[in-house]
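Comments concern the structure below.
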């Protein structure tokens, strides 16, 4: 039915949802590592779009190396200030000239970074609180060729690996959504909550502990009482979110490192700890599905900032996640699905060397019952691999 | 017998050695990511030692953020040259003054980086081929306190996670040792081999494919014939190394991206691809055991450059590996052992919240046969946790 | 009549106006050196004002070292673009903490620089076309003390020298005003004229040649014909301005390096040559009176960015110019006046070691006729020395 | 006799030697501004030599923009240390590729800077005490063409100006030689004297005050007594030097800002105030003759780092000084000679638009007596203009 090397097999162990101890983490939008991921990916999208606009095809680039050097700040009730700016260095490779057409890669990168920061960090004054610098070199010569013909499937130029999972466990859903919604609808209404929100979930049996570290924005905090209220509000909101995803016991802790007696609270001027003491870089935080999941195999690849046309690690990490989600949505009886793709150098990327599906089925379902269905679904997704590239360029897929 | 929360359990699945497909990777000493890891850790050791010498205790610091921006080079048979230098930015936090004693953190960092580069990269002219810059800020206020009393066990200040494995599979041993010995005894005798050696191992059943990408140093290559000879020699040597660790079928591939007709070969002036087009940063490559092992759970933590006194992620990653190796060495009948340590905020780091040992036993051995022995061994190692810190500072433990 | 050491003497030679050959130059607002001067002085004003606001006195700082590294651009008829950004590094010293009050010197500097650029360079997109970075260290310890009591006259802490002249010669007036008015009323009406306008005046006998190099802004230039028209318009305008200041023969040349046949014209995207290839730094261009005048003694001191409270070179350069202008305005019969002030370390700055007035009188007037009047005028100006400081901080005095 | 536009005329005033007040300054080798001058010129020589070696002609470059950002240090009796490194940014333009030949301009610059520092600053640990970075962009397109034919005289591409004087006054000779010999034979024997030596000479009538600020190197100073001895030794030596050049009254002051009671002394670890608080840049200090001479017309041009083939300001400043010295050596009866050269855009540089010689003759000699001799000497020197370029590239001519 398919000439792709798709292999469906039962998982050897229990689904993560059924393991005794589970740990999940998410570094939110304003975490210094995530700031770097976000900028790297924004720069990548802007470059890819520019290449398409100007020369009709995406040229060689990689911008997955943004480095953030923390600043120094003096937050204060009612509004403090940044003393020494954050320094943000955009690093990578880009093609700056192609058949006579010049591509202003560095100014594009700066503009994309600035727009990203201004859109997502309302309390950060770009150019004053943060210096954005850039060093985009040319790549090595042999990589500067164009990527294949329009519409064709690129060849894998490296042995690389991607892994994806579905569905998310309850703990994973909680961790992901608590952060996203705090950084979405909640902070829209409550500007006291900054963008630097880190969520850790730990499940032992049926007890889930959710630990939230959320930066408060000093401008909206008049005194300690208001701070305590803000913390209590976050806790209450996060508990509400968590309960939408589980019937297990949930306890939410917020800003556990605070010491009210010592006056040690998580107050910031800009909404991120990057303002004082926390450096960051790309690929050090969330994996492509937005989470850090020590209970599951993970890829070490930094997905953000990589070229979505030819970086096989980026494509396979996003694609394996998409496949897993799609198969689980379409095929009944799956309790846990892991998709693993391994590239074959020199072969088209829609023909991976190995495409493993490892399944834990629901009670009463055997792998053989669903094997054909799963294979067909994987095959269909692989056939559509270039769609991933397009969606990444359009910013439809999150990479961190 | 022990009041630590040690838990020994059988693994749910097969040992990695017995799985159908296994992938292992190692970024060698001269890979841009490893260069950053190495510098970050050297700087860390130098700072820790200086703090001990000057104030008797290790103060707050973290130097796990070195960023490398690739240069531009024109390698050529007989010796080319670097056109634009590599830019290396050491980033992190350090305490610069403590009770009236000044600590020249930035000059210490520069000196440590330079010594590291000069010792390990004979073809790289530090100061000409590479610019080493530094930005070490002060940390956030509340972290600048001293770490406990001399000799006492520090408290965990974060929820973090470490994981270690033993023994290495054959493929892991091959990947690790091929790189180490190429970068050791082999390159001592054959300076044509540069430090940037990347090794990928893929085992399918009993067939192991080892793919080596090894930078040649142009000064020692007069023409294409000599290059081909050098590549052939590396292949032969690597095969010999591999056969020391397995009876399985082994095929070694070297520099597969070369295209002799196009003149596209892996020639460098300095022995590393950082000279042209390959950026790097800390924590993006090998895990604490020197490998990237998608078949095994891994920690996302960057181990290199972190403070070995209080960074619980660093300590637990190194410690869990040490425990696993030690237990496997001492206790018979273990085919695979995974140690996972989870910290408890506010508790001494020798009392982890969870210490899981997941065991695959040899045929004929049950977990219950060895459970007590394993527990006791883990307990003893945990009691000696501060020894890890000492050995890291002394440079006895590799972190990447 | 005065206890200050004021010395009025006849000049040995002819007034510059009467010399055979005279050369005068002005680097306009948008010249890379002037951009640095302008930013250095803006940062200085912002810091001084902040110190006054927060601690009631101006603390130690010097910001006279801004460095501009040119970008790379591709100007084009109708609008081109910057390819690689200008890099602007603000360098200097500043007091960052004083008796418990923190001063965010670096973010103040960044903000001042950005405001200056946005106000003066409408075609330059700050943050995209130019990266503004900052490195303000603390000064050496003994300089970090406060400057005297409120209202008192500071002591000179260096042997330094200032020199001022009045009145301007016709050529000087032409050079100064052609640039100022092109960069003022003219460019308000004619946005095609960029800010980078350099004016050179050469007078031989009664023939004045004015050479203007004026950057055109590509957005307002559709083709070569429009460019030629723009150049012709500038020439006509400049001639008109020149004729207001002289009855001598005047010839104006504009953009003499253009070669229409080769298509080599002075087209820019941002209005300044800093976008492509022209670096700049502080103190390399105009002297405190806005001109470079090889026919007159000049001070080497960089006036822009220096601390206006205690930097004796800055104060004396501005003050000597003020004195010269004031005396010439008040005392009849002076054809040329040069004021030279030399500080005395350890003495109040209103009591210079030497205050020389060198006079060329009008025909029929002898120095002795006006000596007392001149001395009295100088004495009065010196008594009011701290007013210079105030006016500098308020931005009332131009420094370049 | 000559078709060059050489004009010999009597000076309007007195020779500087005969004026009432004379001020002379020299910033020594280790002054932050001079460090920048020295590096800029070393880089220039290295680039010029490389262009000659590789393509047979000097290509477009200018490296006259080195910026030094001071470090932070803790000098101490017996040996202190640098806390934060000096940051040195080499800025400029260079041609990096010419007809297929690549020129590694940035690594050449780094190497030249390092060699210069290591040769001249024995107490400065390059790479640890000072970070040397580089940003050499390409120049603007139309300047990247080659400079004329081999051996031909280049055309002036700018209106520029050079001025030179001879002979030096006694005060000038004292200031120049006190610094040079302290930084030469004296410091060879007395390593306690650092390279940062600033000398100010002030003559009032026949009284010469020489003020020396000389950094002591802490490694060679065990205590305050040794420091006082070192200062006394410098004073004695400087007096001896001064007396070789004058019969006037000379008083030498050394390190007048010291305050022994407060422990405020001029102690450094590296021999330069750049280690703590004193920034520097090119062209802000000595003129091409090594001095700052407010009594004489000076050019504002930064001579160091400029391209010696086509930068007319650099060439004319050096040439006018050479001419003045040569004429004074060859022609009797000259008390003071000033040579001023003004370029003519588009004409060969050996045919300046104006070549003025302004002479003060000895008593009993009239200008007309020596006019022809002076004209002929100037004419001969001009004919040999390209020799200046060669000598600059060979490092035979000092530029600061």
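The letters A, B, C and D name the chains in turn, as written, and every chain counts its residues from 1.
Here is the rule we go by: a residue touches a chain if its C-beta (ideal position, glycine included) is under 8 Å from a C-beta of that chain, and two chains touch if they have at least 3 such contacts.
Chains and their UniProt names: A, B, C, D = S-adenosylmethionine synthase.
Computed from a predicted structure; not experimentally measured.
**Q** What chains do chain B (S-adenosylmethionine synthase) and chain D (S-adenosylmethionine synthase) have as common neighbours?
**A** The shared contacts of chain B (S-adenosylmethionine synthase) and chain D (S-adenosylmethionine synthase) amount to nothing, since no chain touches both.
**Q** From chain A (S-adenosylmethionine synthase), what is the lowest number of touch steps before chain D (S-adenosylmethionine synthase) is reached?
**A** 2
**Q** Sort the other chains by how far their Cα centres are from that of chain C (S-adenosylmethionine synthase) and give me the top one.
**A** B
**Q** Just the number, please: Cα centre separation of chain A (S-adenosylmethionine synthase) and chain C (S-adenosylmethionine synthase) in whole Å.
**A** The answer is 51 Å.
**Q** Could you put a whole-Å number on the gap between the CA centroids of chain C (S-adenosylmethionine synthase) and chain D (S-adenosylmethionine synthase)?
**A** Comparing mean C-alpha positions, chain D (S-adenosylmethionine synthase) is 24 Å from chain C (S-adenosylmethionine synthase).
**Q** Using mean CA coordinates as chain centres, what's the chain B (S-adenosylmethionine synthase)-chain C (S-adenosylmethionine synthase) distance in Å?
**A** Here chain B (S-adenosylmethionine synthase) and chain C (S-adenosylmethionine synthase) have centroids separated by 56 Å.
**Q** Which chain B (S-adenosylmethionine synthase) residues reach two or more other chains?
**A** 84, 87
**Q** By the document's touch rule, what are all the touching chain pairs in this structure?
**A** A-B, A-C, B-D, C-D
**Q** In the complex, go through chain B (S-adenosylmethionine synthase) and note every residue touching chain A (S-adenosylmethionine synthase).
**A** Spelled out, the residues of chain B (S-adenosylmethionine synthase) in touch with chain A (S-adenosylmethionine synthase) are 11-14, 21, 23, 62, 65, 67, 69-72, 84, 87, 89, 91-93, 135, 137-140, 142-143, 157, 159, 161, 163, 200, 202, 211, 256-257, 262, 264, 273, 276-285, 287, 292, 294-300, 302, 340, 342, 345, 354, 356.
**Q** Across the complex, what residues on chain B (S-adenosylmethionine synthase) touch chain D (S-adenosylmethionine synthase)?
**A** It is residues 74, 81-85, 87, 96, 102, 104-107, 110-111, 114, 125-129, 131-134 of chain B (S-adenosylmethionine synthase) that touch chain D (S-adenosylmethionine synthase).
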